[in-house]
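Comments concern the structure below.
Labels A, B and C are assigned to the chains in the order they are written; within every chain, residues are numbered from 1.
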Amino acid sequence: MSFVENYKEHFEQLLSVKDKKELSGIRENAFNAFAEFGIPTSKHEEWKYTRIGALFNRPYRFLLDPSHAVTVADIDAFRLPGHQEANELIFVNGIFSSALSKIISKGLAVVPLEEAAADSRYKQLVAAHFGNSGHYLKDGINALNTALVNGAVFVQLTKGMAVGLPVYIYNINDARKENIFSQPRSLIHVTENAQLQIVETYFTLGVEESFTNQVMEIVVEENALLEYYKIQNDAGNANQVSTTHIRQAGRSYVHTVTVSLNGGIVRNNLNMILEAERCESHLYGLYFQKGKSHIDNHTVVDNVKPNCFSNELYKGVMNDESTGVFNGKIFVRQQAQKTNAFQSNKNILLSDDASVNTKPQLEIFADDVKCSHGCTVGQLDEEALFYLQSRGIGQKMARSLLIQAFASDILEHVKLAAIRKHVEHLVAERLEF
Amino acid sequence: MSKDNYDHVETSMNEELSAIEKTVLSDYKYGFVSNIEADEAPKGLSEDTIRFISAKKHEPEWMLEWRLKAYRQWLRMEKDEPRWANLKYTAINYQDIIYYSAPKQKSKPKSLDEVDPELRLTFEKLGISLSEQKRLTGVAVDAVIDSVSIATSFKEQLSELGIIFCSMSEAIREHPELVKKYLSTVVPPTDNYFAALNSAVFSDGSFCFVPKGVRCPMELSTYFRINAENTGQFERTLIIAEAGSYVSYLEGCTAPMRDENQLHAAVVELIAMDNAEIKYSTVQNWYPGDKNGNGGIYNFVTKRGICQGLRSKISWTQVETGSAITWKYPSVILKGDHSVGEFYSVAVTNNHQQADTGTKMQHIGKNTKSRIVSKGISAGYSNNSYRGLVHVGRKAENARNFSQCDSLLLGDKCGAHTFPYIEVKNKSAVVEHEATTSKIGEDQIFYCNQRGIDTETAVALIVNGFAKEVMNQLPMEFAVEAQKLLAISLEGSVG
Amino acid sequence: MLNIQNLQAGIEGRQILRGINLEIKAGEVHAIMGPNGSGKSTLASVLAGKQNYEVTSGSVEFLGKNLLALSPEARAAEGLFLAFQYPVEVPGLSTTNFIKTAVNEIRKYHGREPLDAVSFLKMMKQKMALVNIDQSLLSRPLNEGFSGGEKKRNEIFQMAMLEPKLAILDETDSGLDIDAIRIVSNGVNKLRTKDNAVLVVTHYQRLLDYIVPDFVHVLYNGRIVKSGTKELALELEERGYDFIRNEADVEQEA
């Protein structure tokens, strides 16, 4: 049985079991797209350096049923600092669990996506934004998530509300008994003039393999502000394709930091669609890999309208046999005059077997723009190392200090103090070679 | 280039400005058709076509076999016709092309004076004199029209030094051992779709062999011209620089104006041994099509050099102003330790032209260095893409690369794209890539206007400034020509 | 030489100049002073023919020609020179090459042969000494990476090379220390003859200590509200622009 047939069974089961008329059209289109595109191979330009075909050749438990064996105590072991003062949304094996989640902020609505799609208050929003990432990610993997959407959630922050407390999102795979394939899905709506901070993380229980294929779509309305932090430090056999697709309305401000410290094959898609004038976006990323982990950060900044600003800085440190990929694309459409878009990617290779592939790209159709990109690959600065050593600092320590300095450029952009300290601590731990 | 030379170029740049102005208003000036009788193969491609070409050229049996093998390979590659480039064009009908067209001459001329006067006139119009007496600049010329080499000048003088500079057909007949040894060692027929096609049907091109320790005393140059209708040009060039030798080679290309697209699919191979240096410069000015995007040359070219030896160096310089479609990535395989690869490029697109061009630097040996300077200028409705790969292999200790890719946009209907690929598998590598995009600012134009310089001249000045780093790499004979070309190509794009 | 009648102009539909009248004769130095936003730089830009500025009314005659009908390069060729407040940077274009092009284009406009390399070099050497500019500056790309003082000196050097009839100095003193102002002013003074004229546009009086004007005009709200001799500049320096503002506003109300 080919993998398409395999998933067709799930798909049909899903269609027959539940009555989700509102989504079934989108779902069906997505399944056809999945059947047509298939799982991306390295011949697909966007997947040139990241091969996920093999991940589909092994057996997984793929659950449509929301029941699971994860307890509060299981999660406690992984909670992020500051969780006492945070809303917590929990997905288990890709399905939202309202029982385990905690919503304490006023003005924050969390509704199952199927219900939101039928609810007159949210209906139009869901229709307008659900599946928009598929216009940018033309591959089977994105389509697969949409085709099999199940246990997804719709989150809305009321107009003008500044949520004082951040929203922590945990994606948990229970691989204690068998390999798990999960597909978390969410649609987040930050209404006009509202402010939201999101921290997202991933962990796998048990020692079996997991594969998470996640899609999160976020809409940031006029004058709204979003901070989004992604922290990836899962097991070496936890693989994932994680898509964050953000649409920005006018004068909105989005600030993202992606910190990837461990995992199996990890692919992040971060799309910033600047759909109206005077949007501002900041994209920061740190990937610090060990073992045989493979990290691929794919970003798109699409400037559709004039007068937008974006700044992107991704830094990578590759150790052991790890591989890093950076693929950043800046589009400036014909209408998007006076765009300022900057992109930079810097990499350090620490070991003989580590490697890095980087593709910073500009596609520009407007003439009155300021755009630049740059990338570097190199080692730690020998002169700086020598300078530190000449002041009596041992080589090991000197190296560790320099890497910390390299990483701090990114970490300082984590504005939630508790989370910043947490990731700084994780990086420092890693530096005790 | 020495300081003196530099100053000279600077002065000649100034003096050329009025010439730029004169030519600004002229259209594609190389678009004439010469009335030369041609000896052609029937349209279309089959094993028979290849046998026809091989027979016409009196090739030995091994060459025919080699071609047929490449042809069969090409047939198997049907699905591999490249689609990844940022180019849009109607599919090429390979059966609608004439693969061999030779100007009719009674027999190969023994001296240049015997060349058909009509042919000589053609080259005079291009500004190339085939007569050795008139050629004062010290450039040896090989002239290729449609598919066939017409004449090679300065042959005697070069052969005294042991340098072989002749047409590829002649090399196959006269120096089969060298051709057998080196042909397709850098670009095998299996390399890509167009390389396979070229290997099957190539009709001529230049061959150059510089023996050990010899510094070639003059620039070697080939002028390519497509003349006949419905013809494709498939030249094949092979340059070998033995240990410690040096050669600088230039090529120029023009074609008449025709409403239909014509195909040009060349293969160029360079081989540099220990301490050898090859400098390869191109001024490509194939007919770009008219203002509405009709006609023009489809230029699909595979150019690659290998730095085989220790401390060898290969340097590509290109000024690309012509062709409707350009698909071209002159590359260097840095195999020898301490070898150096360079790529300097100016690509101009105007009206509906499309260019997807760049380079590949494959670092394999230790302490290898590469440098990439790419300047893209887009105007009109054109699209200009830089696509480049820097690959540092696992054993390439201390590899260094620096890339600079700048784009200049004139108008808001055109596009500039940058697609660098950087693959590093060795921790001692240092790779840097920088790119910027800008436009010619209204304030810059006004500043020039205020000093009495009109807008067209101002654009020419700014564009030449933008492209200077690359232009300085060109041999002087070409630098002036190339500057004029830039101005002509951008005619009417501003203001 | 220059005769401006009721000049009204603006940018993007916003009116800035509301009726300027000014006459400059050969051999004279005029200064236009005024507070920020009064229209000083707009006047300079309109005279030089900068794009986007729209003349809605009035006329400007320059050496008997209708200046407003000429392209910017023709104005330059006719002998109008604007020393920019912010000289533009052109990476990759050497200053020498730029100036040589300008000199020869202007010669061409007047039907003269271009200067050969030797004469051009001779002329450059002579003018360099006149305005005290260093050779190394001229081989660098046009204004790129120049300090504020270097840029302004380069402007004056260009003025020396192009030998204009009327030079407009737009805030040439802005961002310069006293030494630099002295050098630049010396350059301007050396270039003065009985056949040419200078229009100094400035916010402060200090430049006028070095380039002494025959007439001073105060621009306020798009109009010349007061004219006088160099003493007016001193008065302005002492009393500030407020007294002009008050006077002008009172007048307007009346």
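Operating definition for what follows: a contact is a pair of C-beta atoms (placed from the backbone, for glycine too) under 8 Å apart; a residue touches a chain by one contact, two chains touch by 3 or more.
Note that this is a predicted model, so its numbers are computed, not measured.
**Student:** By that same contact rule, can you tell me which chains touch subunit A and subunit B alike?
**Tutor:** none
**Student:** Kindly work out which chain lies most centrally, taking the average of its C-alpha atoms as its position.
**Tutor:** Of all chains shown, the one whose C-alpha centre lies nearest the global C-alpha mean is B.
**Student:** Looking at CA centres, what chain is most distant from subunit C?
**Tutor:** A
**Student:** Counting in whole Å, what is the centre-to-centre distance of subunit A and subunit B, each centre being its mean C-alpha position?
**Tutor:** 44
**Student:** From the C-alpha centre of subunit A to that of subunit C, how far is it in Å?
**Tutor:** Result: the chain centres lie 57 Å from each other.
**Student:** Averaged over CA atoms, how far is the centre of subunit B from the centre of subunit C? Could you give it in whole Å?
**Tutor:** For subunit B versus subunit C, the centre distance works out to 48 Å.
**Student:** Taking the touch rule as given, give the residues of subunit C at its contact with subunit B in the complex, in rising order.
**Tutor:** 48-52, 71-73, 75-77, 81-82, 84, 87-88, 90-94, 96-102, 104-106, 108-109, 114, 117, 141-142, 158, 162
**Student:** Which residues, counting only subunit B, touch subunit A once they are in their complex?
**Tutor:** Within the complex, subunit B contacts subunit A at residues 84, 392, 394, 407, 409-439.
**Student:** Residue numbers of subunit A touching subunit B in their complex, please.
**Tutor:** By the definition above, subunit A touches subunit B via 45, 49, 334, 337, 347, 349-352, 354-379.
**Student:** Can you check the complex and tell me which residues of subunit B touch subunit C?
**Tutor:** On the subunit B side, the touching residues are 10-11, 13-15, 17-18, 441-444, 446-455, 457, 461-462, 464-469.
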